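Alright, structures below, take your time with them.
What follows is a pair of complexes built around subunit A, which joins subunit B in one and subunit C in the other.
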Partner chain A sequence: MNMSVDLDQTPRSLLVCDWSSFLDDKNRVSSQVEQLHFNYKVSVLLPECSSAPAHLDSVLNSFSSFYLIRNLPIHELLDKQFLETAVYQGSVYGLSYRTRIDEDNCVALMPNGRLSLSLDKDSYQLLGVEGKPSRFSNRTNSRYVISIDLTDNSMAPGGRGYLRLLTGLMSRLHLTTDFLLSHHPGGGASLQPLLSRYDWSEHRPELHSHALTHLSCPELQSCDPHSFLEWLGAVDADISCENSSISFLSSLVCPEPKTTLSRVLRVSICGLLLPQDVHRLIQEIRCYLEQPQLESWLSLTVHGFVDSPVSWGGREHGVLRGGENFYTLLMFHDHTYHLHLATGAHDTCPP
Partner chain B sequence: MRRADKDDKPTVYQRVVLKNASPHHYMKIHLVLQDASTRLSAVELKQFIITGLKSLYGEVGAALNFDLLKYDEDTLTALLRVYSRGLVKLWSSLTLLGSYQNQACAFRVLQVSPFLLSLTGNSRDLQLD
Partner chain C sequence: MRHRCVKPVGNRERRRRRQEAGSELEFKTHVCCCVSVFCCCRRVCSAKMDEALVRTRIPQDLEKVLGVESQTNAKAAAFTKAFLKKSIQQNSRHDLDGMLSHKAVILGYSRPKKDKVKRNSKRAKGLNARQKRAMKVFQIKPEHQRYELFLPLHELWKQYIIDLCNGLKPTSSPQFVQQKLLKADFHGAIITVVRSKCPSYVGTTGILVQEFKHVFKIITKEDKLKVIPKRNSVFAVEVNGFVSHIYGSRFEQRASERSAKKFKVRGTIDL
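Then we have the complex of A and B:
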């Protein structure tokens, strides 16, 4: 009897929906965008449009480059010169690459100068720096999180905390990982001293666009959030919604009431993307929506890195089954918007 | 003029938090076959998964509704949709499916999410080489 109850359960998931207007002084879109530091993919859906308008295109093409350093010893992030040229000046976005937060040691360097290390138990004990058990391994305590503010006085080069972490990383735990790095506003110039010592490569965010025709589209103002996100996911994944409820393979249909859009453009961009660039894109989209045209909405989805040790605002993040942390901003021409923020089981509530 | 009208209208701020409210779960799966040259059509794949459900949960299990949203015959990768209540049943029967037409096989579950959208933006797919 109990067994059947348990089989119906699924791990926790959260969807936060905000409905507001950009004209409202209390709207928090900017801070919500800024707080998700490590963005992997931005995808934009433009209705009744067959090629990206010039202004949007130029913003999409001007997303900042990011850098990949091979086999970076993590103690290099404490290098005095790196701290002075990059961390104290502007914002550094750094994330270990191809490390899985459910298996490996993961590192993130946040724009506010906070270094977050998510370590397995052995590595944590070897390092000997104070941290906390991960919120998401409460019974076994097999993972620990260390969060250090590099801009703090005690972490100034030569200080006590600084030396303790440095010796831990240099002589006890030799933590080395491929590392993604980006800097705002300095770009590569601010990172050059660090890059030049290692095997590194520069990467441009990858841009893809795809034109769709005759697409069924639900009534967006009234559609319920889960149905809307399902429809948007189907559009993004090239899944057909043209099924009948009795077909064998799939009964996925577009939510009613629906209309048909003759042309839709889907543009996506992948890489380590800065929140500043996403913010710039949103501003440009708002200008674009002010022009009178056929369809008066536009949607923008931003996916965070699934293996980042932090999601919104530096709060701890884990992967469990999917590691989802993304938001969708649906904007209308009258400056109103619907913002959907979603997280999976190993995450706290979005801001 | 239109803008002025809008300004007069009081703007509303509404926030709703939905917890565990997703009606469906979505799975990205990959079928590994002993003989890599074997090909399945979408209908055969769905039928194969149904036999798995039937052998583990009987006739009631075989009646579990799930959708094969997308399937790539070349890579044997598929997207499934299932009612959240049926996720554990579907997942467990995929795990225990071990042979297809007398050859060993295994389903690799690549990603599971209550949001279809998150299956399109998995940072583990980022290739920089």
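Then we have the complex of A and C:
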């Protein structure tokens, strides 16, 4: 049998590993956490723990809530009042929801005031605002990326660029999507003028916890990052790593040498999560790790939105198969950490 | 008389000559007896009055001062001839007598060009393309690039389209209107770029003042004359509520040629 050629070759994926310590002045954890703006899911793996400690639980429960607006016309993001109360006064996280980056028009409003529009060719030709062809569409440019700094002088209400974009969005390209919105530190109050005009709902990040028992676990200090991430993914997705002879569902095995953990707690939280909250969680986990315990490690994985037009630091993101962009922070009790930043094929290199 | 040089002379050469002439004039006032000078004077002083001055005898009192004596005319002429013969380089190739007796001829630098365009007397041909370009017949002067100047043209065009479409009532079918518009003239229409491969053209709107094979020239409300390529753009024309979209890539003909052209329905309308 001759397999098709592209099945033999897997698309490129990027993995950046960073081994350092929180005590090191030059550690870049906080900047790396900040740069992934749109986090969809945070999952924490706590070994030798049956229920989440109280202060971790309280941090997880205090993740800020976010808003979902149905059928928001994108020109509302250029509304003068919204710009003044929300965009100029802090950081707004906005992302189009239920749009697919490889076929629909996607919009992201980044906390630094940049509006990123990833448009298909027809919409781009209608809008009439200068953009760049997507890096990931090959010779036939079928996708364009427009990046606009809303804090720029020309984009001030009444300015040339502002009026051009506004007339484009209002009269030529009627772009409406469901939109996820969150604001730091104002929360809902600063978004209220915008929300009140449309059909909106407030959402709390969803918290799930799952206890696992008798889990085989690789030796973390020596394990190679690829097999570690594979094992972690299998644990996260509840896939058995037994590789027993009677089951052909999964042939994954836990990398050798391995130990067995009697109980493991897996906590995950889903929603539009702010990097600030993730940062707070990391600080809390560091405090938790300082307590003397049986196992002295903990892993935290943060997944970015698959269909976000941007990934690390506002760089273009695309989806080829999975569109994954995530990082895993493996922390030890001596304040050292392993940070693995990974992206799929259609993405730029993480910082 | 000497030849006048017909070729353009350089500055340095000209300056040198002027100095020469000046020195000659000085000599003339002294009425020197030196024959070489005399000869120079002869050479230069083409005017008759100068010649007369040269041929005058030196006054008696000057003769004493200078210690020279004027010769008779015949003697002087003989001396001059002999002196010239001696001092001019002996060159067998040149005919010396011919050179000395040549007359100055002023030659023009170039002949005035004849008008090459032959006019056909039977039929007035008008101007050709080059002449039109040189005269800028089809260029609108900056002072005439005003939107309100073209508004009457737009009114005329609207009337023309309404007449063309038999009144253009809201009940008339869009297909019929479009069939008519396809062959119509668009000068004076208000057109808007609604879609383009180049984003900066999108949204431009104005009165179409000139149509060429590949471009539209429109005048915008801001009194700017804009040239917009037809290729890779879609234009919208609005008349009495009927909005028609023109795919510029399929419209690349001159207005006059389009009226006789059959449009093909096949092919893509993608930009």
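The working rule: the second predicted complex is superposed on the first by the 336 of 351 C-alpha atoms of A that agree within 3 Å, B and C clash if a C-alpha of one lies under 4 Å from a C-alpha of the other, contacts with A are read in each partner's own complex, and residues count from 1 in each chain.
Note that in this section a residue touches a chain if its C-beta (ideal position, glycine included) is under 8 Å from a C-beta of that chain, and two chains touch if they have at least 3 such contacts.
Just so we're clear, the structure is a prediction, and the values are computed from it rather than from any experiment.
Colleague: Please determine, from the superposition on subunit A, whether subunit B and subunit C clash or fit.
Modeller: Subunit B/subunit C on subunit A - fit side by side.
Colleague: Under the stated touch criterion, which partner chain does A:Thr301 make contact with: subunit B (first), subunit C (second), both, or neither?
Modeller: It touches subunit B, and subunit C stays clear.
Colleague: Between subunit B (first) and subunit C (second), which, if any, makes contact with A:Leu14: first, second, both or neither?
Modeller: first
Colleague: Can A:Ile246 be said to touch subunit B (first), subunit C (second), both, or neither?
Modeller: Touch status of A:Ile246: no partner.
Colleague: If you tally the residues of subunit A touched by each partner, is the higher count for subunit B or for subunit C?
Modeller: Touching more residues of subunit A than the other partner does is B.
Colleague: Rounded to a multiple of 10, tell me what angle the C-alpha centres of subunit B and subunit C make at the one for subunit A, in degrees.
Modeller: After superposition on chain A, the angle is 110 degrees.
Colleague: Touching A:Ala54, do we find subunit B (first), subunit C (second), both, or neither?
Modeller: A:Ala54: touches no partner chain.
Colleague: In whole Å, what is the nearest CA distance you get between subunit B and subunit C after the fit?
Modeller: 31
Colleague: By the touch definition above, which subunit A residues appear in both interfaces, subunit B in one complex and subunit C in the other?
Modeller: The overlap between the subunit B and subunit C interfaces on subunit A is empty, containing no residue.
Colleague: Within their complex, state which residues of subunit B touch subunit A.
Modeller: 6-7, 11-26, 42-43, 46, 65, 67-70, 79, 81, 84-85, 87-89, 111-124, 126, 128
Colleague: Can you tell me which positions in subunit C touch subunit A when the two form their complex?
Modeller: 194-197, 199-203, 271
Colleague: Mind pulling up the subunit A residues that touch subunit B in the complex?
Modeller: 6-10, 12-21, 23-24, 26-27, 40-41, 43, 68, 97, 100, 201, 203, 225-226, 229-230, 232-234, 236-239, 248-252, 270-271, 301, 303-307, 321-322, 324, 326, 328, 334-336, 342, 344, 349
Colleague: Please give the residue numbers of subunit A that touch subunit C in the complex, ascending.
Modeller: So the residues of subunit A in touch with subunit C come to 124-131, 164, 167-168, 172.
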